[in-house]
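Naming follows writing order (A, B and C), and every chain is counted from residue 1.
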Amino acid sequence: MAGIEIAKVVKAYGSVPVIHGIDLSVRDGEFVVLVGPSGCGKSTLLRMIAGLESVTDGTIRIGDRVVNDLPPRDRDIAMVFQDYALYPHRTVAENVGFGLRMRGVDAATIARKVNEAAEILQITHLLDRKPGQLSGGQRQRVAMGRAIVRDPKVFLFDEPLSNLDAQLRAEMRVEIKKLHQRFGTTIIYVTHDQVEAMTLADRIAILKAGHVEQFATPDEVYRQPRSTFVARFIGSPSMNIVPARISPDAATIALAGGAALAAPASFARARGRDVLLGLRAEHLGLAGPEGVPARTVIVEPLGSDTLALMQIGGVEMTGRFPPSAPLRAGGEVTLGLDLEKAHLFDPETGLAIA
Amino acid sequence: MSDAIRHRLTPLEKSERRLGFAMLAPAFLLLAAVVLYPIAELIRNSFHFNHLAQPWMGTPFVGFENYVKALGDDRFHEAVWHTLLYILVTVPGAVVIGLGLALLANQPFRVKWPVRLGLLLPWALPLVFAGLIFRWFFEYNQGIANAMLRGLGFEPLNWLTSPGLAFFAICLAIIWKSSSFVALVLLAGLQTIPKSFYEAAEVDGATKWQQFREITLPMLRPAIFVALIFRTITAIQTFDIPYAMTNGGPGNSTETLAMYIHKTTIDFLDLGYGSALAVLMFLVSAVITSLYLRHTRRDPGRH
Amino acid sequence: MTSRFTRRMATRLGLAAGLALAGAAYAQAQTTLRIFTGGQQRPDVMRQIVDGYMKANPNVKVEVEVGGATSEQQQQYLNTVLASKDSALDLILIDVIRPAQWAAAQWAEPLDAYLGAEKDAIMARYLPAYRAANIVNGKVIALPYFADAQFLYYRKDLLEKHGLQPPKTWDELKDAARKIMTAEGNANLRGFETAGAPIEGTVCTYLVPLWGSGEEMLKDGKLNLATAAAKKPFELWADLKAANVTPPNLAEIPTDRIRQNMQAGNLIFGMTWGYVWNRLQNDADSTVKGKIGVVPLPGFTADKQATCIGGWQVAVSAFSKNKAEAAKLARYLSSPEVAKQQAILASHLPVFPGVYTDAEVLKANPWFEQALPVVQSARARPVTPRYTEVSEIMRTNMNAFLAGTKTADQALGDMTNRLGAIFR
């Protein structure tokens, strides 16, 4: 087992840079998720760790070895690919044991390790089949079996669940988490799905256009997003972010479109400034007559709770309400906004105002 | 077929089936005119005496006489043997070289056109032209092959006038000419193999050679098989290249079955015997093709 | 509006009708003849000749179609055209070995009717060998266009330099070649070449020494190869090969390669046909202009010299739609004037004895004086409708022997067996 040190790593294709100097320190045994929209460089970074892409500049260390110039086979890693990369002409057992066979491990050991892995992943009954005869979820398990059978220092996952339907995805998330708990091996996991990131990760690295926007625990990126980008990317529904202005005495905050609210004391840090006010859906609630008047635009009942898009003055915000809340589209309500929990961002840079 | 299995057609299906036959009819008639009729005529001719240089003999029915003659004709036996040798050498040869070319062309070159051109050129070149090029190449006096030998301080060789060397030279020309077709078929096959297969193998610790054996070769099997069938069928008909390079010489030592048929019919004007030889060649083709097909049926696709 | 339209329409119709009429009249007056010639029979000269004919006969248009370089290539093409009774060709230039086959296949229109009462007189003017070759079973199958025979071409300059006379026997040739090759020390210089590739010319490579030893291949229509003389050609060529006088690749040498090698200055002696003289003297890239001599081929003894007859004939296709006009053109092409023209322009040997001594002809071809007796004594290859098969058997066995893949006994044995099946 080993940690991973990524220092000032740059990747350029010709003269086009796609990764602009990333620093990332992954602890031994940690589960780190790289997340971001497509084109942010998360897969490229993973492939550089795997050795499938060269490193233009900077260093990557696995354990205490600089691996920049090591071929993938010498990095002691295992990788699960988005399309699983199972060989159609080989049985499940042969696929799982492929890496061991390539490294010249004797047949008896291979058989034993393949059986162990198959038991862990509950695919023992599939060992004699060919991948073409398996369902998507079964293939996913085989691909994981192929990775764990080698007992590597680091597991790399490249969007492994993106080809599965929602239900299977949830199931497999649990499986992967169980595996990590069982083996405690360092995992780097790439996804574009923030739910996977939040549920799986010890720490999340949110990537944007080739650099790390924020690298922190799920709790931290949720509660203290470093920027509007992170704030919008993490959490569902997305954080409400609306333009606002804090009065010079920091007593009130005026939302675009007129509504003026009493500002909590902490807003003094941005007195007299134009800001972006960030407020999560759960920090909106129905209030008595003293609340802010709003009109219900759309109601989305989810069962456990209900989301509703509200028009407050000139801005729209989504709120999360108990299922029993008396909401109907077009209805007038008064809302309470929990501004103590609100975030302030600089409208120019998008960064949080500390 | 029992009634339980037989599917009773609804009126709509019946009318669709009629439409289907009607739409196939023109193609079938054309096929009949350009393929079936000539084959029927060939078979009919093979049972007659028909020698244009001896028109006074007429064209009497002679039964199996032409076939009996072929069975006792040493030159026919030799031509069949030479043809088999060409198949045995040039079919695997073209597949091996073609595979190499396909692997080369599949590399991520920055500029692709020289590779593609190099691949397509032999394929696009007419066969006779390829034969002439290689004839010049192996010519005793001015040929490049002997110029190289002389340059290296060796005695020049009689490439085209000693049977073994001539066979070798012809095989080389055929392989050069046909391997690009094989390469094109295999290149198409290579491009269907996902890149992740190799990356996964790379991570798993497979060497390049192991990747080739464990992934490329098994994944290419269907394409290799297609290439083998096509190459074998064309090899049975080998004509142009030995015709241009040696015209069957020295003596008849490089003469193929197709060349002997051509000589018998076009040069000697012996249409009856030539037709019988052509029918025999057709049978050889049919047997080899059916062997291949049986193999495919026994060993259906990989997936 | 209407009237103007009608008027314009009428004008157009009138114009069209006039053009059509003119076209019809033109077509009536014009006969188009298509003549086929081989690439090596100087189609350029043929074009000059027919240009003259067209000037004299404005109602005839002659197109020249040029076929393959060798006699076999041409015949392969013609076999397919004529076997399908195609009328596209009106006149065809054919090799002297073919009239019997063409007569049998009924591809050539017999010309007797077109020659009429003059037939005998006309035929009497030709060299006897050509008269004989073109009359099959009493019918005139074609008219001779030009004669040919094989000669010994030699490097006059080299022979003079080394004080040698042109050889009269094969032994003299061998000695002369060896002496010159040794003295010159030029690795590219070869002693002697004759056709050895599996082509028509190689038939003569067998026949010339056979005749030279006083035997015939056929006697009374029966094969006559069980003689000691039948082996002589093999012994001769083996002897010259052993002496390194012939090159190791003799088996890949076709007819025209001999000319090319001679023209490049790499050959002392060549056994080849009449057309070569003109090329050696006149081609821009010839390195041997004025250095070439031509004499009759050597024999085993100086008094028994033999050569193969060659030459080309004009036949009228049996499928032509303009046979009368075609026969007229054939007679013109086979006239002494055209023979003289060919002799001067292409050094084609005339089929009329008188033309050999024409002053202008001799000026262009001083060696024609010696050529006449050669042509007069030249012999014909076996006459049979199945000549292509006969030729193929002889040349492939000869070729196999020259390549060293068959011994003399094997080659002669195979040849005898397969020829025996034809001359039963």
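Just so we're on the same page, contacts are C-beta pairs under 8 Å (C-beta built on N, C-alpha and C of every residue); 3 or more make two chains touch, one makes a residue touch a chain.
Remember, predicted model here, so these are calculated numbers, not experimental data.
Shared contact partners of subunit A and subunit B are absent; no chain touches both.
Of all chains, the one whose mean C-alpha position sits at the greatest distance from that of subunit C is A.
Remark: the per-chain Cα centre closest to the mean position of all protein Cα atoms belongs to B. With centres taken as mean Cα positions, subunit B sits 57 Å from subunit A. Here the spacing of subunit B and subunit C, counted between their Cα centres, is 38 Å. Centre-to-centre, using mean CA coordinates, subunit A is 89 Å away from subunit C. Residues of subunit A in contact with at least two other chains: none. In subunit B, no residue touches two or more other chains. Within the complex formed with subunit B, the residues of subunit A that make contact are 50-52, 71-73, 77-79, 81-83, 85, 87-89, 98-99, 102-103, 130, 132, 146, 150.
Across the interface of their complex, subunit A is touched by residues 194, 196-197, 199-207, 210, 214-215, 218-219, 221, 302-303 of subunit B. Residue ranges on subunit B touching subunit C, taken from their complex, read 52-56, 139-141, 156, 158, 160-163, 247-253, 263, 266-270. The residues of subunit C lying in touch with subunit B in their complex are 72, 75-76, 79-80, 83, 101, 104-106, 197-199, 247-252, 261, 385-386, 388-389, 392, 396-397, 399-400, 402-406, 411.
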